[in-house]
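Data first, discussion second: the structure below is written as structure tokens.
Labels A, B, C, D and E are assigned to the chains in the order they are written; within every chain, residues are numbered from 1.
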Amino acid sequence: MNALISTALFGIVLMFVGLFVKNKQHIKYYAIAGAIIAFIANWYDGQLAGGSSVMLYGMVEVSSFSVLFNAVAIGCTLLYFMLCGSAFEKVGNDVADYFALIFFILAGIMLSASFSNLLMLFLSIEIISIPQYILAGADKKNLKSNEASLKYFLMGSFTTGILLMGIALLYGASGTFNIREMGLGTGDLSPLALSGILLTGFALAFKVSAAPFHFWTPDVYDGSPTVFTAFMATIVKAAGFIAFIRLFHVSFSEGAIAGHWQLIIALITAATLLIGNFTAVFQQSVKRMLAYSSIAQAGFMLFAILAFNETAAQGIILYAIAYSVATIGIFAILLKLKDYTFEGYNGLARSQPLLALTNTIFLLSLAGIPLTAGFFAKYFLLSAVVQQGHMLWLVILGVLCAAVSAYYYFRVIMAMYFKPGEAETSVQVTGGFKGMLVIAAAIVIILGIFPGLVLQFL
Amino acid sequence: MPVQYYIFLSIALFCIGVMGVLMRRNAIIIFMCIELMLNAVNLLLVAFSKMWVDAGRVDAASAQLFVFFVMVVAAAEVSVGLAIIVMMYRNTHSVDINILSRLKN
Amino acid sequence: MIHLVWLVPFLPLLGFLINGLGRRYLSKSLTGVIGSGSVVAAFVISLLIFFEVRTPGFAPQVVTLFDFINVGSLHIPFAFQVDQLSALFLLIITGVGSLIHIYSTSYMHEESNEGFARYFAYLNLFVFSMLILVLGANYVMMFIGWEGVGLCSYLLIGFWFKNIDYNKAANKAFIMNRIGDLGFLLGIFLLIQQFGSVTFTEVFAQVPGIGTGSTVLFAIAMLLFIGAMGKSAQIPLYTWLPDAMAGPTPVSALIHAATMVTAGIYMVARSNVIYSLAPCIQAIIAIIGLATALLAASIALKQNDIKKVLAYSTVSQLGYMFLALGVGAYTAAVFHVMTHAFFKALLFLGSGSVIHAMGGEQDIRKMGGLKKWMPVTNITFLIGCLAIAGIPGLSGFFSKDEILAHTFGYNKIMYALALLGALMTAFYMFRLYYITFSGKFRGTHEQEHHLHESPAAITLPLIVLAVLSVIGGYVGMPEVFGVPHFLAEYLSPIFAPSAPYLHAHHLSHALEWGLMGLSTALVIVMILWARGKFSNYQDAGTENTGIAKVLENKWYVDELYDAIIVKPLMALSGFFQNMVEKAGIDALVNGVGRGVKWGSGRVRLLQNGQVGFYIFAMVIGMVVLLVISLFL
Amino acid sequence: MLTVLLILIPLITGLVTFGLKGPSAKVFSLLSSFASLVVAVIAWQQFSAAPESLQFTQSWIPQLGSQFNVGLDGMGTMLCLLTAISFPLIFITVYNREYDRPGAFYGLMLLSQAGLIGVFTAYDALLFYVFWELALIPVYFLCSMWGGERAVPVTFKFFVYTFAGSLLMLVGIIYIYFQTPDHSFSWTAFTSLQISTQEQSWLFWLFFVAFAIKMPVFPFHTWQPDTYEQSPTPVTMVLSGIMVKMGLFGVIRWLLPVLPQGAYMWQEAAIVLSVTGIIYASCIAIMQSDFKRLIAYSSIAHIGLMSAAIFANNEQSMQGVQVQMFNHGINIIGLWIVVEVIQDRLRIKDMREMGGIATYAPKLAIVLVVISLANIALPLTNGFIGEFLMFSGLFQYNPWFAAVACVAIILAAVYMLNMLQKVIFGEANTLTATTADLKTGELLAAGAIIAVIFFLGVYPKPLLELVQSTTAIVNATAWMK
Amino acid sequence: MGIQQIIFIVLSAIAIAAALGVILSRNPVNSVLCMITCFVAIAGHYIMLNAQFLFVVHLIVYTGAIMVLFLFVLMMMNLNAEIEPQKRNWLKYAGAISGGALLLVLVAALRDASMPAIQSTSTEIGLVANLGKTLFTSYVVPFELSSVLFLSAMVGAVVIGKK
């Protein structure tokens, strides 16, 4: 809870920082400081909880899992601030407000990892969503940004309706909003409960951009200011998964009911994998490709929902880190480039070898090549499903899609290394930025060799 | 009175809301239809609340509080949503969602 | 001495290594000394071994050098077996080999230093391989030599590698040999499967246990015989041998007449137990041998290249040897191998001498009257011709007569055909002789100016071989002469195991005399006919027609093979390459990639930018999923 | 520890090499490869004395029960030796070439060596998989960056193909992992597991496809000729000499002992595919006029034989395959050395434009002839031992398959001799008349290969004895019974 | 049929008719007015279901604040006239059909759900006192957190709305 409170408070602080700090470059440092404080608070939460779950009015539950995920989220946000923080001022004047909104989102994210009541789920999703609608439209003069914002908003609030209908039906079936007390699997299978589960699942599938609820993703990610896309596509998406998993694993995994929705989620997973990977192949803009790649990666993360076991929990944490760090890194590099198409990367290996190298590591991680964190992320999720059994066809489909994914990730690598040209950067690449990139790449590699470093906290 | 009546009523309202979202092209009307969907849910929650109270559940107040929070959120959403629509209108002088097709494929 | 048997192949190997590696640094004379010396030394050792083996009651000895292949229960040692058969072949190989090495020092003198050394290196390597072949104590060792001689044949045929045609001939020889080798190899595998061993002693000990008429034995016998067909140029794998004449002439003498081509006979003789137990395979061998003898003889009738005639004659003689093997006359076959080695080496070397004198000309139509200039060559060549034609008193007569006699006992019709072949032999040999040596010289003046008798290094081997061609036959005179058949006695331990299974056909003495007389008379008639026809040969220059044309074109067998094997193979390869590989598998693999791209192009159209459509799709998706979950 | 050292030397030196500029990179990597060779030889000696001392186990990912478990058995030792011999040979051969960005080039080469050694030593399935991929990545970059003009798409096809295959294998590994009682990846746990026949039958394909693509076996081979053609020759040497052995190694180390019944069920199918591939590839090889493609198809044919022999289910073929893995590696690297030399001198690959090289570069010609003969398995060259045993083993399994497969020895003679004829024999043309003969480094490498060819051809005992232990292990599985 | 059911039917009919009016009316202002009617009908249901506090909040928040806001925006944009061109009708039908399909599916699924019935007895649960107590005890966490939501909405409105 301390982390949640400190994050929310720091959001407010940053709103006011904007009034007092004239040099916009410096706001970033306040944000970084806030993230560090939140990180410490979260660590303190972990100490307080001491490995067991702490309940708060039956609304919030602080467990080692939620603390770990919070740490991941805050850590990734910290990395995000450091790598992309200076790009905020390119978007518009309200730099402090953007940071504040991101802190609010972070608060929602923490909530999504620790809710134990459907109301808190609803609130957390709204706290995450509403600032995102705004961030998407932050570039006010840009019609694409406007469009992204409005599309996101319309579809997002439509989904809110679906989510609420699902929650209402669940309440009708069980008489409680507490996710631990629903006990849906015990008695006869009520159609009310099943419809509720499905509708809730659809809404959450929308949040994690699973097919066929993924349509907003490419347009919104493409239209939003790139720096915010980096945040939305990574940490926020991971939070959606945590919420999804938390709800489905805690409430719906017992008894006969699990089999019913598992099939649906399996179908959604398959569709997501196919659509995400296939559509990404054709893209010309790296930014848009990354949007589709995020759908494809979501397909993999959905594996964690299908399998309710320890491995899935480990896997989703690893995936969250691997995917977030790599994608933030790629976006950070993308932000430095003039041209967002694949051609824009041509010859980057010659003009900026370090950027190219780290970018390669990030891309390899996304493709799931061993010795990068992405491999173990994929590995854990695949094995979670295998352990669950019955879904081997999906696993095979998954690995084949992973092979397809190599196509579009390697296009970037090919452009950087094997194509002639001089990739131009629009802004100065500073030494600090390079240092941060190297740290991010090192995280990817180290976790690719010793995933146990993170998992030991679980 | 069977609770099914309320279920059907609110599902009907909900689906009318969905139809509205699908059929209309004016962003504001679409947004209104979404509000209609939320209200259908609210009605359903209240009905369930009554149902569980009558069935003897102690914490049945939670559903009504949930409705309260939905209204709260809806209010917040409206403020943001209308701001976005106004911003869009400023730039394009239209609230027709069909002109939103700059981003595709 | 026996335990030093490894020296016999080792010396030529040493010669090969020294000559091969030092070809840049050695002078020609030194090369010649090393090359010939190693073989001569090997001959000396062989001679010593032979005398040891010759003692009655000598039991075969196996000298194991080291383990070659040792897998599970399969043990294949690198071992040599010394017995009567291998000792005899050692003598032939090293003996004839020495002569040919000596001959070559002169014959190849015009080569460059390096070429000369390379030539001797190859020749030594060949002797080494051939010795391994005959010395090997198991089939794998034999196979090592078997392929080794094929390789050397390839290298020597293509010795003048700048000439693409020679290379093609070399390739053809190697590939045809390989076809045979394939059969041999499969035979070895079958042996392994059946007996768990490839060692001669172990295999032969087990063979009688299987009994006559066993399918497995037939299969083994047939597969091994296929190997022999390739190496010994039998139908249908004989066409490489005439083409192999592209190599230097001494090579033809050594490899393609005296030694390598007899490997098949050696192998069948070595495996006589197996063959005796597979009578129907023996019949096949006899028929193929006979057919080859006749076919090759018929082709030889119309050839104009001096070496081609000899080459076809070799094929024909090899056919006789197989005929002998087929009818169970193992001793006769080995006997003919020996005598044939003498007179055919003689003939080839003689022709080499002629070619040398003619400055490389090989077409007999452009020769004529050479006896005037080349007396020694003339005489020795004539002796060779007489020997091969089967004039009584010369070696060829005895060996061939033995074969014919056995054939008569086996089947009268086959005898008649074999006799026909013998007559053709006499005819074409004397056609060759008369066209070449008598009459008027038909070459250019320049050639005439250069005509001379060859130097001593060439004539000496000719004389030695001529002597051997004359006296070589006396080791195996027929019984009717009342002298012991030395060779048969000597070889009897080798063929003893198969003796019980052979049906000996004892001809009466009178019949034997009669047959002898008949063949002799007919042969003399043929020689006279040839003399009448060709002693004053003038090239009419007219095109051959009818059967003559067919014969001149070798029955169009090469063309036939081209049409039924080479072309279909190329067509099949082309089909694989263009249809299956490019248009099939690769297109499929690339098609998957292209399909993904195509699908991507279609799927992305779903993303049409319309919010209305997006929500619509979501609702449809929800409905479908709800239906699946709730009602299915 | 020796085993770990074998992996670490190329790994660390490889990373260091990235930072080196100019000629120091090649000198350094050459030294590194020699260091590996020394260690490999010591390991070989150690193996005959005390095999268990080569095992090394260290906890790696405790959450998964995966361990850093490496060790050497007979086959592993042999392949490590092959790798350790090959890299110095490759580096010596190309010592005089100048590569763009040499630090990266040699660094990647060494990294691929580390990956290969890792594959050959891993006794933990997950570790095996990791190394399997690790060996691929450097090769991908090497081919794409220093390859021919079509290298980028071609290499990518290769990459995706093998990547997809190995992912399937990963699924299989995970599945078996969950079957083990205490959730372990160790080879011992995998092999001592009893998996039901039905499961084995489909698990077999997950593994087999991965290995078949790597080998490659017909019809998964189409990446290979293109890749060989487009890669820089040193990389092709690694690919064809060592990397294809990964597939065969995988079958022997993992597939047969872990899924004996699956292998037994699909034995015939695997052999039919392999034998088809032998004939098919040999036929296509006849049609090739590109030197590199010819060797590529010839390699497919050889690998097809090895793959068929693995599944022939007996001791002879198993011994033969392992021996041939080594010998094929040596021989084909020798062939590529010749190709590299010819390309370096003449800058052509089309054999129709060559000819007459023997006159001007006799040493080169001799080397090519000897290696070609070894390639067509002439007795007393190393190629014969393996092929003889494999054919024999295959024959014991089914004479007809063996007979069909044996046709390849004829076809091999056809295409190899045609190649010799086109490349080195005949009259020289204006281009080939300028061919310079082998230089010291190249001569050294080629000489070493020829020495190995003859030594192992005459005296294969050390090799046969070395791999005996692995054969015994495979023998011990239910598969043989 | 008791009085409650009659009221239910009447209110439901009004609500549904008004809802249809919202989506079918061409003029946006009419839509807003229909919406208000619909909300009022729903408010009636709240009374019937003993949710007195929600009845009041609903009327104030929705009818009083939100709908007025909508109306305000419509007026500000001068969108009171018909602006939707009547092309591409199939999209409308498709929308109607898919919405109807959703309705069908849900109704069919929930038709035979066995649920406790709603009694006609009135309860105290919906009174302010009751709800307030719960809100500030066990629901204090979401109550506090909704402030974050409002803050972000406020910041957002400022960020977006500022020129």
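The rule is short, and it goes like this: a residue touches a chain if its C-beta (ideal position, glycine included) is under 8 Å from a C-beta of that chain, and two chains touch if they have at least 3 such contacts.
All values derive from a computational prediction rather than experimental measurement.
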| item | value |
| --- | --- |
| Neighbouring chains common to subunit A and subunit E, by label | B, C |
| Chain hops separating subunit D from subunit C, counting only touching neighbours | 1 |
| Interface ranked first by C-beta contact pairs | B-E |
| Chain located farthest away, centre of subunit C as origin (C-alpha) | E |
| Mean-CA-position distance for subunit B and subunit A (Å) | 26 |
| Subunit A and subunit C: spacing of chain centres that average the CA atoms, whole Å | 77 |
| Distance from subunit D to subunit B - Cα centre to Cα centre, in angstrom | 65 |
| Computed distance of Cα centres, subunit C from subunit B, in Å | 96 |
| Multi-chain contact residues (two or more partners), subunit C | 593, 604, 607, 609, 611-613, 615-616, 619-620, 622, 626, 630 |
| Numbers and ranges of subunit E residues touching at least 2 other chains | 91, 94-95, 98-99, 102, 106, 109-110, 113, 115, 139, 142, 146, 149, 152-153, 156, 160 |
| Sites on subunit D at which at least two other chains make contact | 160 |
| Complete list of chain pairs which touch one another | A-B, A-C, A-D, A-E, B-C, B-E, C-D, C-E |
| In the complex, subunit A residues that touch subunit C | 150-151, 154-155, 158, 162, 191, 194-195, 198-199, 202, 206, 211-213, 215-216, 218-219, 260-261, 263-264, 267-268, 275, 278-283, 404, 407 |
| Residues of subunit D defined as touching subunit A within the complex | 60-63, 126, 129-130, 132-134, 137, 141, 144-145, 151-152, 156, 159-160, 163-164, 167-168, 170-171, 174-175, 177-178 |
| Complex contacts: residues of subunit B adjacent to subunit E | 1-9, 11-13, 15-26, 28-29, 31-33, 35-36, 39, 42-43, 46-47, 49-55, 59-62, 64-65, 67-69, 71-80, 82-87, 89, 94-96 |
| Complex contacts: residues of subunit C adjacent to subunit E | 612-613, 616, 619-620, 622-623, 626-627, 630-631 |
| In the complex, subunit E residues that touch subunit B | 4-5, 8, 12, 15-16, 19-20, 22-23, 28, 31-32, 35, 38-39, 42, 45-46, 49-51, 53-54, 57-58, 61-62, 65-66, 69-70, 73-74, 76-77, 79, 83-84, 91-92, 94-96, 98-100, 102-103, 106-107, 110-111, 113, 115-121, 123, 125-126, 130-131, 134-135, 139, 142, 146, 149-150, 152-154, 156-157, 160-161 |
